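Two complexes, one shared chain (chain A), two partners (chain B, chain C).
== the complex of A and B ==
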């Protein structure tokens, strides 16, 4: 079973910001398409650590995680099997992310 | 027993009684000192908690100012306010978790709703147009932050035994 770890502050940016790619190189869309999707495709389990950044906007989180389901990249069930999310500093962010995944509208 | 020993026995009994009384007084005084010490320490703890809550109220007022400033400017010109909103929200969220022993039970969850409201949707989207101050998002943010501040004040009042 392959397992990968992503530390957002170390592997992506300490200043994640923006929703779409045009909003900056550390946006939710860039994180999702360039780092998260390839890692999810290559591994059975992906552990994501959110500690160490300068804060997350909900728009970033919704685009990065809700976008996986909304754009039909992964199903909710697959994400529940594959993703392990940790954030010691603010556990409510993790609840928020699962809410974005579980309630994401799916584009027809 | 010699009759001359009686005053000595009386003196001994009086001494024993006095010693017993003194012991009782000392115990009472020690108890009172400990109670006083505990009350003072509780009062100091409540004061320190109150100061922290008052600081949270000030920070929430700053957060509302930043929020209104951010959303009433177009997305292309408000990156600094956005960073400050995220940093302040993160700090307040940590404090809601750290102070859970003396905040209300849903404080962290309530603050999470505030953060979702003020940093969701078109937050940090460069093409976003400026909102009017009467926009539902700003009204909702003001309402949520105001409710949170009210609950913090009520917690301060309960620490003062005011309510």
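== the complex of A and C ==
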């Protein structure tokens, strides 16, 4: 079983923000397409650590995680099996991320 | 009873011209009453008089146009209000009028000098709005109009202008030293930018993050949320002022400005954008609009703006109809204020809505003003309790 770890502040940015690629190189879309999807495709378990950054806006989180389901990259069930999320600084955000995944509207 | 006298039937009108008299005047008879028609030469005389009057006007206008460039190229001194604030209707009107004059004159004059001699008090929300307006003018019209200012007589006001970078915008040297004793001044931090990148507010965010306890990180996030909102939603149309219409560079930048302060056990964040305002970005629901009409409330522009702000604070009201996008002002700021027993004030265009969660349940204050700030200023303040600080210290140990 393959396992990978992503520390957002170290592997991506200390200042993740924005929704779309046009918002900047640390946006949710960039994180999802360039880092998260390849890691999820190559590994059975992906552990993501959110600590150390300057916080996460809802646009970033929804696009990065809700976007996985909305754009049919992964199913909700697959993500529940694969993702391990930790955030000591603000544990409520983890609930919010699962909310974005579970409530994501799927494009027909 | 004749046909004419029957109720509900209009009487016939008899008109004839009386030309029997040997005068130049004619008489028009309309059923019993007569109207004197004046002779042709009367109208010709009036026409001649009016032509002469117009001729005088034209020459006067010509004279004025030759004088205009000479007077308008000169600099003008504009007096700033005694209190720079949005908190009362009076202060709101004074500040908005002052800023409107500065905007208007900046397009006509080569230089403007703002006189702060009478300014004795500055309040955060009003101060940020003034700074934002003048920063925008300086960025847009740097080549065309130079904005300078006098030093305020009040020392605290001068220190505030130094601390928040207002003097830097105007290129004014700093005269005073800000000490540790100036606790109401030295805790303010300022940032501004045109992107959703939080690095633009790095100093400010780090200053907040370093002073607030763990678990309050969402307050830092609130700032980047507000930036996101400003860049994506606030500037959907050009601002309704002449600078926007001028087509100059930076006139329609999607810029935001932010103040933050952690002081006396309270975090205060003030955010400003000069976009179209919440009442414009939030689509009005037809049902509500019709409801307003049915209630026979002839809403003033101020009250209408106030209602729209109030509606934006309700969960689920957003500009986009896309379910996954923009969770609205409620999701971003209101929820944080509610969870942390804070206070929130939203000024947008002519409206203002305040919500206080100090006692747990929300208590609202709201109003409509006569003049629009042509943008949005949001202030949220949250108590950082001793219990939280202790918890944080134990956590670190």
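Following the convention adopted for this analysis, the second predicted complex is superposed on the first by the 108 of 108 C-alpha atoms of A that agree within 3 Å, B and C clash if a C-alpha of one lies under 4 Å from a C-alpha of the other, contacts with A are read in each partner's own complex, and residues count from 1 in each chain.
Keep this in mind: a residue touches a chain if its C-beta (ideal position, glycine included) is under 8 Å from a C-beta of that chain, and two chains touch if they have at least 3 such contacts.
Worth saying up front: this structure is predicted, and the values here are computed from it rather than measured.
Q: Check chain A with both chain B and chain C modelled on it and let me know: fit or clash.
A: After superposition on chain A, chain B vs chain C: clash.
Q: Counting only touches as set out at the top, which of chain B and chain C does A:97 meet: first, second, both, neither?
A: neither
Q: Return first, second, both or neither, reflecting whether A:46 touches chain B, chain C, both chains, or no partner chain.
A: Neither: A:46 stays clear of chain B and chain C.
Q: Just chain B (first), just chain C (second), both, or neither: which does A:83 touch?
A: neither
Q: Figure out whether A:8 sits in contact with chain B (first) or chain C (second), or with both, or with neither.
A: Once the two structures are laid over each other on A, A:8 reaches no partner at all.
Q: Which of the two partners, first being chain B and second being chain C, lies in contact with A:105: first, second, both, or neither?
A: A:105 sits against chain C, while chain B stays out of touch.
Q: Examine A:70 and indicate which partner it touches, taking first as chain B and second as chain C; both and neither are also allowed.
A: second
Q: For chain A, which residues lie in the overlap of the chain B contacts and the chain C contacts?
A: On chain A, the residues that contact chain B in one structure and chain C in the other are 15, 17-19, 23-24, 27, 54-59, 62, 89-90, 92-93.
Q: Which positions of chain A touch chain C when the two form their complex?
A: Those residues of chain A that touch chain C are 15, 17-19, 23-24, 26-27, 54-59, 62, 66-67, 70, 89-90, 92-93, 100, 104-105.
Q: How about chain A: which of its residues touch chain B in the complex?
A: These residues of chain A touch chain B: 15, 17-20, 22-24, 27, 54-60, 62, 89-93, 95-96.
Q: What does chain B use to touch chain A in their complex?
A: 79, 82-83, 86-87, 89-90, 93-94, 97, 108-109, 111-112, 115-116, 119-127
Q: Could you please specify the touching residues of chain C with respect to chain A in the complex?
A: Per the touch definition, chain C meets chain A at residues 195-199, 202, 205-206, 209, 214-215, 217-218, 220-221, 224-225, 227-228, 231-232, 323-327, 331-332.
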